[in-house]
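This is the structure, below, for whatever I ask next.
Each chain carries a letter (A, B, C, D and E) given by its place in the written order, and its residues are counted from 1.
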Amino acid sequence: MQIFTKAFWLQLSSPKVFYPVAGKLAPWFAIAAAILFVIGLYVGFFVAPPDYQQKDSYRIMFIHVPLAWMAMFVYIVMCGYAAIGLIWKTRLSTMMASALAPTGAMLTFLGLWTGALWGKPTWGAYWVWDARLTSFLILLFLYMGYMALENAIDDPQRASRASALLGLVGIVNIPIIYFSVKWWNTLHQGMSVSTSGISMEPSMKIAMFTLAFAVWFYTIAIALTRVRSIILERERHAAWVVDLAKAGGR
Amino acid sequence: MLKAAGLECMRGDRILFSNVKLELDAGELLHVKGLNGSGKTSLIRMLCGLVMPNAGEIFWGGESISDLKEDYLANLLYIGHHLGVKAELTGLENLKINAALGGHPISEDQAWDALEKIGLRGREDLPAKVLSQGQKRRVALARMLVTKAKLWILDEPFTALDVDAVKMLEGVLNDHLHQGGMVILTTHQAYTPPKTTVKYLQLGEAT
Amino acid sequence: MIEAMRWMLWREIALAMRRKTEVLTTLFFFIIVVSLFPLGVGPEKETLSQIAPGVLWVAALLASMLSLNRLYAEDYLDGTLEQFLLGAQPLALLVFSKILAHWLLTGLPLVLMSPVLGMQLGLDVDSILLMALTLLIGTPALSLIGSVGAGLTLGVRGGGVLLALLVLPLYIPVLIFGSGAVDAARTGVGADAHLSILGAISVLAALLAPWASAAALRISLD
Amino acid sequence: MIEAMRWMLWREIALAMRRKTEVLTTLFFFIIVVSLFPLGVGPEKETLSQIAPGVLWVAALLASMLSLNRLYAEDYLDGTLEQFLLGAQPLALLVFSKILAHWLLTGLPLVLMSPVLGMQLGLDVDSILLMALTLLIGTPALSLIGSVGAGLTLGVRGGGVLLALLVLPLYIPVLIFGSGAVDAARTGVGADAHLSILGAISVLAALLAPWASAAALRISLD
Amino acid sequence: MLKAAGLECMRGDRILFSNVKLELDAGELLHVKGLNGSGKTSLIRMLCGLVMPNAGEIFWGGESISDLKEDYLANLLYIGHHLGVKAELTGLENLKINAALGGHPISEDQAWDALEKIGLRGREDLPAKVLSQGQKRRVALARMLVTKAKLWILDEPFTALDVDAVKMLEGVLNDHLHQGGMVILTTHQAYTPPKTTVKYLQLGEAT
C-alpha cells in the first residue's frame, strides 16, 4: 500500500501535494461535523434526562466539556507542529500551526464562555479562581500571545518561525503552569463545588462523545481549509500556484 | 576563497535579484554597483549570513558558510548602514568592546593609536552621542585598523566622511588588499579603486 | 570565550552606570507600584499584610518586565546586535552575560529593597526574610524567561506591550510559588517545597533560556 | 488648524491600525495584570472583591503609563518631532490630538473591558458600573498628565526618576478618587463627590497638559 | 531675507565656531563647508531655531526669528540627518502627512506625482520600513517637490542617493533657486552648484 511508504508521507508534507488533498478532505470532515453536531445536540437536549440537582442547566456540559477538551488538545498539537517546523524546517508544519491557532483560541474562549454561563446557576458566580479555570484562562493568554506575535511581524516567514519558537517555549511551560496552578489552589482551600458529581446516564455519554467528535471534525475541517489559504498566500510565487491561478480554480 | 552561485533574493512580492554568482580571491576587491533599491544591502547581508538566500549557496574556502558558522564569522568584518556605536560610551570604549566581541581583543594603546589614525585625536574620550555624524562613522570604521579579519564587507563606507577621511580610508583599503585581504563594498560616491584586481558586480540595470 | 563574556558584562554595567538613573528607575517603579496599593486598596492593616506577598511579587514581575523591554532594543537599533551575531563567539554565551548583567542591575536591587517595602505593608520579620529569599531565588527566572520574549519582539513596533502579553503568562508559576511560599509558612505548611520548586524553575530557565533567546535574536534579525 | 488636528488624529490611528496588535496588547496587558493579582494574593472571594477597585485602578494606571512611554519616543528618534516643531501649526494643538488619539486607542478599551474584570474579581453589579464610570472620567487625566512626563523624559537620558517624581503626585489623586468612589458607595456615603472631583481633574488636565507637553517637547529637543 | 551675525556655538568645553555671519537673499544658495565635526549641523539647527545660539542673532526679513516663531517656520523646510519618515506608513502617507503637518496640505494626486518624480514609482504603497536606505531618503526629500516654503535647509541631502537621484535633486534645487527660493546645504560629496549666486561659508580650516 502506498500509505505505508515513507516516500508517500514525505511527499505529503510538501505544500504542493498537500493542497489538493486538504481540499478534498475538508468538506467530508465538515459534513461529518455537522451531522454529529445535530445528533449530539438532539440527544443532549431532548433525549438525556434532566439532572435531579441541576435540572436542565447541566446540559451546557455537552457543549462545554468537548470544547474544553479540544481547546487544550489543539494547543499541544499546534506547538508540536511549530516545533517540527522549526527543527526540521518543513514549511507545511508551521503553516498548520498558524492554521490551528485561531481555532484553538476560539475554542478556549467558547469554553470559558460556556463555563461561565454554567457557573452562574451552579456556583452563583460567573467566575471563581479555581485551578482548572485559572489554567484555562492562562491558556487563552498563551493563544493570544501566539497570535499577536504572528500578526505583529509582517514577513510571514519570520513570523511563523518566531511564533514557532514561542510555541516551543510554551510547550515546556504548559506542565509547569498546569501543576503550579493546581498546587496554588489546593494549598489554599478546597473548592466548594466539585465538578465530578454528575453521574452519567448512557444517553448523556452518547451526547457528550458525539459532540466531542463533532468538535474534533469541525477543528480538522477548519484547519484544513485555513491551511489551504495560507499555502496559497505564502507560496504565491511558486510555479504551481501561479499555474493554479491561471487555471482559475482548484 | 569566497564563492557564491545562483543567489536569489526575494523581498515581498519582488525578486530583487536572481542567479547572482561571484568569486573573490585574496587581494581582490569586489565593488557591488546598482541603483537605490537594487538589492546591494540585501546581497551584502546575505554574504554575512544575516539573511538566508532563497536559492543558491555561499562558500568560504570550499565549505558552505551555513556549515562553517563561527569559523567563517571569525574571518569577517562587516560595517553596514547601522554603526553599532553606543551613544553613551566613549569612542575608545566603543572600539575596544567592538573589537573584543568581534573576537580580536586589543590593548588600550592599540585603541588610542587607531583612533588617532582615523582622525579622532582629542575626541577619544567624548561619549559618542556628542560626536558629529562623520565622527561617529569614524569610530565604527576604526575597527578596520585593528581587526585581523581577512574579508571586509562594507556597505557605503564613505557616507558622511569628509574628503580627508575618504582619502585616508582608501589608503587603508589599499593596504589591506596588498596584504592579501579581501574587500566587498558598495558606494554611490565617486571612488577610485586601488591598483589590485577589482571586480564589479552590477545589480539591476546600469546607470 | 570567558573573555568575551567578561567584556559583555563590563559593557552592560558601564552602560548602565553611564545612564545612572536607569537602574534607579526600575527600582523606583517597583517602589511606586507597591506604594500605590495602600492608596488604592485602603489602609486596613490586616488586608494589607495579607495581600503583601502577592503585591510585592506582582510589582517585581512588572518591574522586571518593564526593564526587559530595553534589553536588546537599543543594540538592535544601532546595529550592535548584528555585530554580536557576526562575532566569533557563541551567541548564547553573550546572551547569558547580558541576562546576568540585567539581573544584577535590576533584579538584585529589587531583592535588596523588598524588606523595606514588606515592612511598610505590615509583614512580620520572618515573612519579610522569606519574602526576600523567594525574590532572590525567583527573579533570575524572570530575567531569563523575559529575555526570550524580548528577543522575539525585537523590531516589532509596539513590542513593549506585546512583550508583556507573551511573557506574563510564562511568569505565572514563578509568581505563584514565590508569593505562595509566605502563605505556606504562615499556615504552618512550611515553605521548603515552594522554595525548591522556585529554584528548579530558575535552574531550568538558566539552561534553556540563553539558547532560546539566541534563536529568537537570529530570527528577529533575518 | 483644525485641518492639522484632523491629520494628526488620522495619522495616529492609522499608525495604530497598521500595527494592529498595539491597541489589543495594551488591553491584554490590563487584563493580565488584573488576573495576576488573584494568583499572587490567593483566591478568597472576600479579599478579592475588597481590593478589586484598587487593583483595577492600579492596573489601568500602569497600562496607561506603559503605553504613554512610546507616545513621543518614536517621533523623537526618527526626526518627526523636529518636523512638528518646525511645522507652522501651534504645537499644543498637535499634542492635544496625539493625546486624544492615545486615549481613544488605549484608555477607552480599558474602560470597556473593566466590567468583565470586575466580575472576575467578584464585584457586584452596582460597583462594576460605578467602577467603569470612574475609569471613563479618570483615564483621560492619566493620558494628559502622562503626556507631560513623556515629553520631559524624551531628551533627558535617565529622567525616569524625575518624571516619576513630577507625575506621581498628580496621578495619585486620580487613583485615590477613582478607587475611593466604589468604597464610598459601598459604605453608603455616595460617590458623587468623588466623581465630580475626578471630572474636575480631567478638565483641568485637558486645559493645561497640552501646553505643558508642548513646552516639555521644546525643551527636550533643544 | 535671512541674515545672521556674530553667531557662536559652544559644545561641551569647545567653541565650535564664533562670529559667524551670513546673509542670503532670494535666489541664492549657501553651501556650508567644513570637515567632520566642524559644526555644520550645529549651525544649521541654529538657523532652524532648534538650537539657541550662545551669542548672536538670526533675522528673517529684518525680524528676529525668536520673535517670529511660526511665521518664520511657515517659510522653512528642513531635512536633516534624521528623516522623519514613519516606518509603518507607506511613502505616500508619509509624504501627505509631513506636508499637511508642515502647513501645506497636498492632494492625493500631487503626492503620487511627487513620488513618481523622485523615482519611487511602484514603491509608493510599500511601508517605508521595507524601502532601501536611498529610497527612504527619497521619501523625505519628496517634500521638496510639494512644499511652498521659500527657505530650504538641507543637511547632506545627497547621502545614500544614487547618481541618477543626485542629478535629479540638483535639478530640483536649480528650479527652486530660479523661482526665487533660497537654499542652505552641506555636503561632503562633489557638487556642482547651479548658475545662480552661490555663497560659501567655511567652518574651521579648509581642506
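As a convention for this text, a contact is a pair of C-beta atoms (placed from the backbone, for glycine too) under 8 Å apart; a residue touches a chain by one contact, two chains touch by 3 or more.
Remember, it's a predicted structure, so these values are computed and weren't measured experimentally.
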item: Fewest touching-chain hops separating chain B from chain D; value: 2
item: Of all other chains, the one whose Cα centre sits farthest from chain E; value: A
item: Best-connected chain pair, where connection means C-beta pairs in contact; value: C-D
item: Between chain C and chain B, distance of the C-alpha-averaged centres to the nearest whole Å; value: 37
item: Separation of chain A from chain E, taking each centre as the mean of its C-alpha atoms, in whole Å; value: 56
item: Intercentroid distance (Cα basis), chain B paired with chain A, Å; value: 49
item: Sites on chain B at which at least two other chains make contact; value: 81, 88
item: Interface hub residues of chain C, defined as touching at least two other chains; value: 19, 77, 157-158, 162, 165, 168-169, 172, 176, 183, 222
item: Set of chain A residues in contact with two or more other chains; value: 141, 144, 148, 152, 181, 184, 188
item: Contacting residues of chain B [partner chain E, same complex]; value: 11-12, 34-37, 40-41, 81, 119, 123, 126, 130-135, 138, 156, 159-166, 188-190, 207
item: Interface residues, chain C side, partner chain D - complex; value: 19-22, 24-25, 28-29, 32-33, 36-37, 39-42, 47, 50-51, 53-55, 57-58, 61-62, 66, 77, 157-158, 160-162, 164-165, 168-169, 172, 175-176, 179, 183
item: Chain C residues touching chain B - in the complex, by the definition given at the top; value: 3-4, 7-8, 10-11, 14-15, 18-19, 74, 77-80, 82-90, 94, 221-222
item: Contacting residues of chain C [partner chain A, same complex]; value: 148, 152-153, 156-159, 162, 165-166, 168-170, 172-173, 176-177, 180, 183-184, 189, 197, 201, 208, 212, 215-216, 219-220, 222
item: Chain E residues within the chain D interface of the complex; value: 48-52, 70, 73-74, 76, 78, 80-89, 93, 97-98, 100-103, 105, 127
